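Note that chain A is present in both complexes that follow, paired respectively with chain B and with chain C.
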Partner chain A sequence: MNLNLKPDETFRGDFSTRNSDTAILRFPFPFHDDKYMYAVNLEPHVRGGPTAAYDAIFDLDEHYIGECRDRALTLAEDPLRCQVLPHMIEAEWDTLELLMESLAFDYPEHFTLTKSGTDRHWVNRPLGLDRNFTFGDASSLPLPPFEYITRQVQGDFTLHDQRENTLFMDGGMVTSQADWSLNFDLGMTFHEWHGPVPVAHELGVFDRALAYLMRLPYGKPVRRLNWTLTVHPRLDTSPETYPIWGPDKATITPANVGAHMCLRVELQTLTRLPRSNAILFGIRGYLIRLDELVRVKKWAMRLHRVLRDLHPGIAEYKGTSRYRQTIVDYLGAFDDGSIISPGTGSEQASLREVTTA
Partner chain B sequence: MKLRIEAISVLSPTIRRFILAADDGAPLPVAGAGAHVMVSLPGETRSWRNAYSVVSGPGMRDHYEIVVRRSQQSRGGSAFLHERAVAGDRLEVGLPQNFFAPSRIAGRHLLLSGGIGITPFLSYIRTLHTPFELHHCCKREDTPAFAGLLPSGATNIVLHTNREELNFRTLLAAQKLDTHLYCCGPEDFMNDAFGAARHLGWPEAKIHRESFGGVVSGAFFTVHLKKSGLTVQVRQEETLLDALEAAGLEPPSLCRGGACGECELPVLAGIPAHHDHYLSDSRRAKNDAIMTCVSRAHTSELVLDF
Partner chain C sequence: MIKSRPLYRPFTLDVSGRAHLVVTDQPELPEMVDLPSVDLEIFTVQTVSSEIEAPVDGNRRAFHAVVDLLAHLPRRLANDKIGLRIYAIGTEAFVWDVHNIARAAGLGSAEIHLTHAGSLRRRVYCAHCKTMSEDVTDNIVLCPGCGASLLVRDHFSRRLAAFMGVKVDAEIPGEIPAAESLYQ
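Right, the complex of A and B next:
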């Protein structure tokens, strides 16, 4: 896979990142229907799906270098964004093995893993890394194994120990989150960290999802999509840095909404890890500006309808109250009200040019 | 995946060890401590699927090692492995799954096994980084077989041939607060151990069990299936799940050991005999669901919504 890696992008300050036409067309648009409601929307995570974002087990794209750099900046300011409790050391090695083997398989031109017994040779060409180490020996790596490898992959990751009939969030690398804190949630149970989510508890979504995940088999990972809205393509929207990004919510106007407002989609994957019996939760985030998204006709119409009719409790929880109407007005100009088919694919081979009012 | 029987060792008249490997020697998926594989075994009229602990542990990627006791009332699986399987045979083996992983937060582990129930602990003792103590009970004639599977000279591993000399209450009362208890063996053996733990006030979070098979045989019963319109007879030595599959149906299943919950079917009439470890006591009392892999019937007939 040719990733067309961009060498120099920012996700803060001047927000120089842009999505190429290829990146827009591969965006994992989350809405199958014109209405959105919480559900246990888990499905097998196999290669292949509605867009190219589903072609690899851990998807990388043109933003790889910039996102890894942004993660390093965030960690330099706040090392607590990566924490793993000591009893999860086997899960750390499980994660390192899974990510290295997956990247080397899906992107052989960018990553190479050579194995001999417990000796490993890892080459990450985009980031210029070349490392010999011993699997199982943390002293042979410059960082703990989980932090070492998750600094080299797009998206956040959390580690979940399974015990006492529930899952515990006992580790994570979280630098591109939709306003939640690993430092706050660390050590919580499944129902505790989902406590703030509205509506879904009453629907029984979390009870059923937990029952499913408790017996998630090894070798059969599953995925789901989640979404929110973010002002600017900013990766780090954490509670810890709210004073930096929170005020942006008040800056959205009809004139800048298309260029500043982003749909943030998380392609979430859940994988059983073999040595630790833990679950690795991958949260691969994608940001797309609305003026990029509306170049796909179906997505513009569908997002308009979903946001217009969104359950008020969910709209509030996702922090959209201040600007939802502005977005709905903007997208409404692209929606002629005609019936559109179910499904999330773009149904366009190339993008249309749009001029915004 | 198809794996080849590389070697068979006869450990006792009723216990054999099998080494399974890929034809091309490719590394096998990791089997963590306590993990098992589901092995498909050809029978006279149909195939059987049995779960066997992978005793070789996660460090071994070039082969899996399983230890199989020939069950006296074999449904077909262990009889095949003991009487017909030869080196070179190819068997369908599922990916390792784990319903009995050791606790990562335990300060120490107390492992109690009876008979062939030792198998999950063989991978534990190769893996645990925290202190453990293993007490294994077996028949006198099986002692050499089990002793050969265990490291020699270890003071924290004790073989018992007389159940009376292993007093669960005394043993459990002497444990420190950070000890987790694991037990695997015959049903009455486990009930004694867990009964002693509960009597002494051990929290459930520190009590771990896995039960393969357990009660699979029992009285003959008949199942009427409402959706498919079929009537299926469940013979004494077969499980309800096996009988449904033999009738050409594809009911849900995963662990086939009453642990995972996948095979639950709704009960419309009749009273199930619950042998699983999945349904809560209150769910059992309702008698509106059955785990087909291990549970049977108290009534001569059951009606299932399937």
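Right, the complex of A and C next:
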């Protein structure tokens, strides 16, 4: 796959990142229907889906270099964004192996992994890395194995140990999250870290999801989508930096909503790891400005309806109260009220040009 | 209901234990605790700077401060812990500190019993600078680390033995609601 990598993009400060037409068309739009409610919504994570974002096991795109750089900036400011409890060392190696093998398979022009016994040779051409190391020997890598490899992949990752009939969040690389803190949630059980989520507990969503994940077999990863709204294409919307990005939430006006407001979608993958029996949770985030998204007719109409009719508790939890009506008004201009088909695909081979008042 | 907050049980003796250590952050065990007629080792906190008189009962030990007690605990747990049950009675932050020290010393979670007694005051973790505020009784607290006014969220971390605090006026700086005294 040719990624058309952009050499220098920013996701803070001047927010220079933009989505190309290709990136817009491959966006994993999350809404099947005109209404949204929490559901377990897990499906097999096999290559292929409604857009090209589903074509690889761990999806990379044109923003790869910029996102890896943004992660490095965040880690330099706050090293505790990457933490793994000591008993998870086997899961660290599992993660490194899975990510290296997946990237080398899906993107052979960018990544190469050569194996001989426990000797490994890893080449990451976009980031200019060339490393010989010994699998299982942490001293042969410049960083702990989990941190070493997750600095080279887009999206956040958490590691989950399975014991005492639940899953514990016992590690993670979390630099592009929708307002949750790894340092605070580290070591929590499944129900504890989901504690603040409204409505879903009462629907039994978390009980069912946990029961399903406890039986997740090796070799059969699953995926689901989650979403929120973010002002600017900012990756680091963490509690840690809330004083930095919080003020943006009060700046949305009818004039700037299309250019500043982004839909953030997480393509979440859950993979059983072979040696540790832990689960690797991948949270691959995609940001799209509303004025990019409305170039797909169906997505503009559907997002309008979902946000207009969103459950008040969910709207509150997702932090949308300051700008939801402004977004609904903006998107409403693209919605003629006609019936649109179920499903998330764009149903367009190319993008329409859109001019807004 | 705070889903990340544990449910605490009243003090009851775990009869599967061979020895029993009761620790509290108060000068005496709370009256609600119905002491059984077995030998208990009891740690209390007197909060005095002067010398603490040795209690008549050799199995009781008083400490000058909570920190003093917690500092002593790992040494106590380093030896003679086979069949030991530990019971922590006190504020939420204290009982989880005891829990985490006991786990680090090798006790299993079934060997540790936590009873929340006394004040509802909270330890608050500043999400922005990681500083802890102790004994918080209001729902908004000034962080002694970074100076932010923190709204105390109903989200509890057992590992940090603390609730999360986030800047209350992050979106519109200076817009700080009146604090309410919710955690007496």
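To be clear about the criterion, the second predicted complex is superposed on the first by the 357 of 357 C-alpha atoms of A that agree within 3 Å, B and C clash if a C-alpha of one lies under 4 Å from a C-alpha of the other, contacts with A are read in each partner's own complex, and residues count from 1 in each chain.
In this text, a contact is a pair of C-beta atoms (placed from the backbone, for glycine too) under 8 Å apart; a residue touches a chain by one contact, two chains touch by 3 or more.
If you're wondering where the values come from, they're calculated on a predicted model, not measured in any experiment.
*Asks:* Clash or fit: chain B and chain C on chain A?
*Replies:* Fit.
*Asks:* May I ask you to name which of chain B and chain C touches more residues of chain A?
*Replies:* Counted on chain A, the partner with more touching residues turns out to be C.
*Asks:* Check whether A:277 is in contact with chain B, with chain C, with both or with neither, and answer first, second, both or neither.
*Replies:* Only chain B is touched by A:277; chain C is not.
*Asks:* After lining up the shared chain so the two structures overlap, which partner does A:322 touch, if you call chain B first and chain C second: first, second, both or neither?
*Replies:* In the superposition, A:322 contacts chain C only.
*Asks:* Just checking: does A:219 make contact with chain B only, chain C only, both, or neither of them? Give me first, second, both or neither.
*Replies:* In the superposition, A:219 touches chain B alone.
*Asks:* According to the stated criteria, A:176 is in contact with first (chain B), second (chain C), both, or neither; which is it?
*Replies:* A:176: touches no partner chain.
*Asks:* Applying the touch criterion given at the start, work out whether A:187 contacts chain B, chain C, both or neither, answering first, second, both or neither.
*Replies:* A:187: touches chain C, not chain B.
*Asks:* Is A:201 in contact with chain B, with chain C, with both, or with neither (first, second, both, neither)?
*Replies:* A:201 contacts chain C only, not chain B.
*Asks:* Could you tell me if A:87 is touching chain B, chain C, both of them or neither one (first, second, both, neither)?
*Replies:* The answer is first: A:87 touches chain B but not chain C.
*Asks:* Taking CA centres, what is the chain B/chain A/chain C angle in steps of 10 degrees?
*Replies:* In the superposed model, the angle at chain A is 70 degrees.
*Asks:* One more residue to check, A:246. First (chain B), second (chain C), both or neither?
*Replies:* Second partner only, chain C.
*Asks:* Taking the superposition as given, tell me the minimum C-alpha spacing from chain B to chain C, whole angstrom.
*Replies:* After superposing on chain A, chain B and chain C come no closer than 5 Å at C-alpha.
*Asks:* Which positions of chain A sit in both the chain B and the chain C interface?
*Replies:* Touching chain B and chain C on chain A: residues 164.
*Asks:* For the complex, give me every residue of chain B touching chain A.
*Replies:* 29-35, 58, 95-98, 101, 103-105, 204-205, 254-255, 260-262
*Asks:* Spell out the residues on chain A that touch chain C in their complex, using ranges where they run on.
*Replies:* 80, 164, 181, 183-188, 191-196, 201, 239-243, 246-247, 249-250, 322
*Asks:* Within their complex, state which residues of chain A touch chain B.
*Replies:* Those in contact with chain B are residues 87-88, 90, 94, 161-164, 211, 215, 217-220, 274-277.
*Asks:* Could you pull out which chain C residues touch chain A in their complex?
*Replies:* Within the complex, chain C touches chain A at residues 2-5, 109, 125, 127-128, 130, 148, 153-160, 164, 166-167, 170-173.
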